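See structure below.
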């Protein structure tokens, strides 16, 4: 009997092998990009600094972009958030938490094969505005913002 | 603009959310002094917000990562005796996993003890694989062999997901464990005078914003005993019932309960028997 | 080696929802251990998703993505039987790839 | 299983349980009480500041454990309340009211006295108040195990906590914080003064949070 883990291990081994031969595009691309991680953007302390590091223009608030997240997070260690837009020509979708030590949490680069509605979970050190930013092919940078409250929970000890 | 699907789901949910925390703040026997005040009900927005948060996390419980690891560990040949756990008897015969979790803790003839899942796994790891049970029991949670135990617990619990708790009480030892668990549940002590019952003896109460299940009865499907083991968001770890109880006792300002000690198993019997008929959702997802 | 991911890819009409759980500490580099020493940052930096071998999404993550990360996106036009592969690389250069079939 | 520890005071505690319980304990109940004591000793060990001696129960805790949430017989409850009243200590300098800002910090703080806390000194402890009570209206994360304390002073007509008119409310509140069992034998609330969890200065700050007309609680 094969367990799920066996199968997964096998597929991982296969992927690794293909990648080492340069035959598996996903990993090959990730490897190629390993040097392309934008460290400056992930160390930036303000939205302006983030945009500068990513080579974007000044962001403008827009109803065509949404930040989807809860009003209140029961625990700041895991806060579900998504960035979405209905506009075409999206180069990047960004998620940012204003009051975190570094503001930028994630940058997504969706191809045409992926809907521009992408979610993940972030850490929040305290209640904060959270931004979804869409960088478009025409050079426009649009954002939506939502305040997410992080509560103190449990017995606190 | 079109409502993104997740948002639409949340909007639908918001209507339900009010019921989740709708129970009024319980009044205790103690009056609040000369001009006692009734507790104002929580602003609905708070309850809605928390319900919304929980709904957004419900899909994609990281406990799944532990389940996959546990499944592999069950079949992996390990330990001095180079054996798998596939012949481990969890109460329904050697190797039977499905349905075992919702009947634990129970009495086992080979050890002559009432055992919960964690203590039973320790027995199997010792007997079948030759691992040192006492040493594993001493290992801090989330480390070394305890990590493996946590993954096994996640997978074994998941194999009973959707089933209803029906702990056996046929044997005198099992009834005795219930009676002892009940005494332990109401046992007040420590510098704060707390017992389990201080927080979990009445329905409809909260500590901060967290609902406190009434563990003296069946608090409902997937609530209280029927929600553990669970992935704890705050620590990013899989907490077994042993770890849940350990941290309850810490917050209760009690001394340290031994891993799989008699009091922890007895409390498991007390809560599990009270939860008879409740549907298990374990491994759950918790703050 | 890192533990495997859990990938679910569920087709619903012309849309396929992909949900991924990754096993990773995502240590921020801001926390201190019991002895008061700073725990070094250790987190996934890059993620890529491929459909039948063709890259469809890439991402860069900072340390504020939550522990045991979750990723959700929708594929346009994928069919049951198609292969979705996810790869991550962390700041130590460790990587992990897993694959799932669209159902 | 941890080794069985010798615990000389346990016998006394068990006797106390028998002595206090009314109506008369059934024989199997006494046996169960003894087995419970044995289980507790065998199951716990010292860790950090939390020694196994914390399992020893005084008369009040023994009686309230035995009652399992039911009301105690009136005479027994009165005896516990009277003993608690006799243990009350009023502020040594006669001052009841401190700084509500400090009180709010203490009310928010749920730390102290666990085996992971280094110090047992009151300075290391919070009051854990929001765990169980609604207090200042701005804090939405509050528990409901205890009654709401929102507008506590205002609802009780306290416009000047130092005035003779406020005396009864002020003293009642101090007593509640010092030893909640003085007015309710099986109160769920920790005995902050009596058990040495908070010192006089900290209690004064909590008093201010509840009673100072300038405190957000009374806005």
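We call the chains A, B, C and D, going by the order they appear; numbering starts again at 1 in every chain.
The rule is simple: contacts are C-beta pairs under 8 Å (C-beta built on N, C-alpha and C of every residue); 3 or more make two chains touch, one makes a residue touch a chain.
What you are looking at is a predicted structure, and each value in this text was computed from that prediction instead of being measured.
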Chain at the geometric heart of the assembly (C-alpha centres): B
B-C or B-D, whichever has more C-beta pairs in contact: B-D
Chain B and chain D: spacing of chain centres that average the CA atoms, whole Å: 28
Whole-Å gap between the CA centroids of chain A and chain B: 33
Centroid distance [mean C-alpha coordinates] between chain C and chain A, Å: 11
For chain B, residues contacting two or more additional chains: 46, 68-69, 207-209, 236, 250-251
Of all residues in chain C, the ones touching two or more other chains: 4-5, 66-67, 70, 72
Multi-chain contact sites of chain D, meaning residues that touch two or more partners: 114, 130-131, 140-141
Chain-chain contacts as defined at top: A-B, A-C, A-D, B-C, B-D
Residues of chain B defined as touching chain A within the complex: 1-2, 4-7, 45-46, 48-50, 52-54, 56-57, 68-69, 71-72, 75, 207-210, 233-236, 250-251, 287
Chain C-touching residues of chain B, taken from the complex the two chains share: 59-60, 62, 64-65, 68-69, 236
Contact set on chain D toward chain B in their complex: 1-2, 32-33, 35-36, 39-40, 42-47, 50-52, 54-57, 60-61, 64-66, 68-69, 71, 113-116, 130-132, 134, 140-152, 155-157, 168-169, 172-173, 176, 180, 183-184, 186-191, 195-197
Sites on chain C touched by chain A in the complex: 4-5, 15, 26, 28, 30, 45-51, 53-67, 69-77, 85-89, 93, 95-99
Touching residues (chain side chain D, partner chain A) in the complex: 108-112, 114, 117, 126, 128, 130-131, 140-141
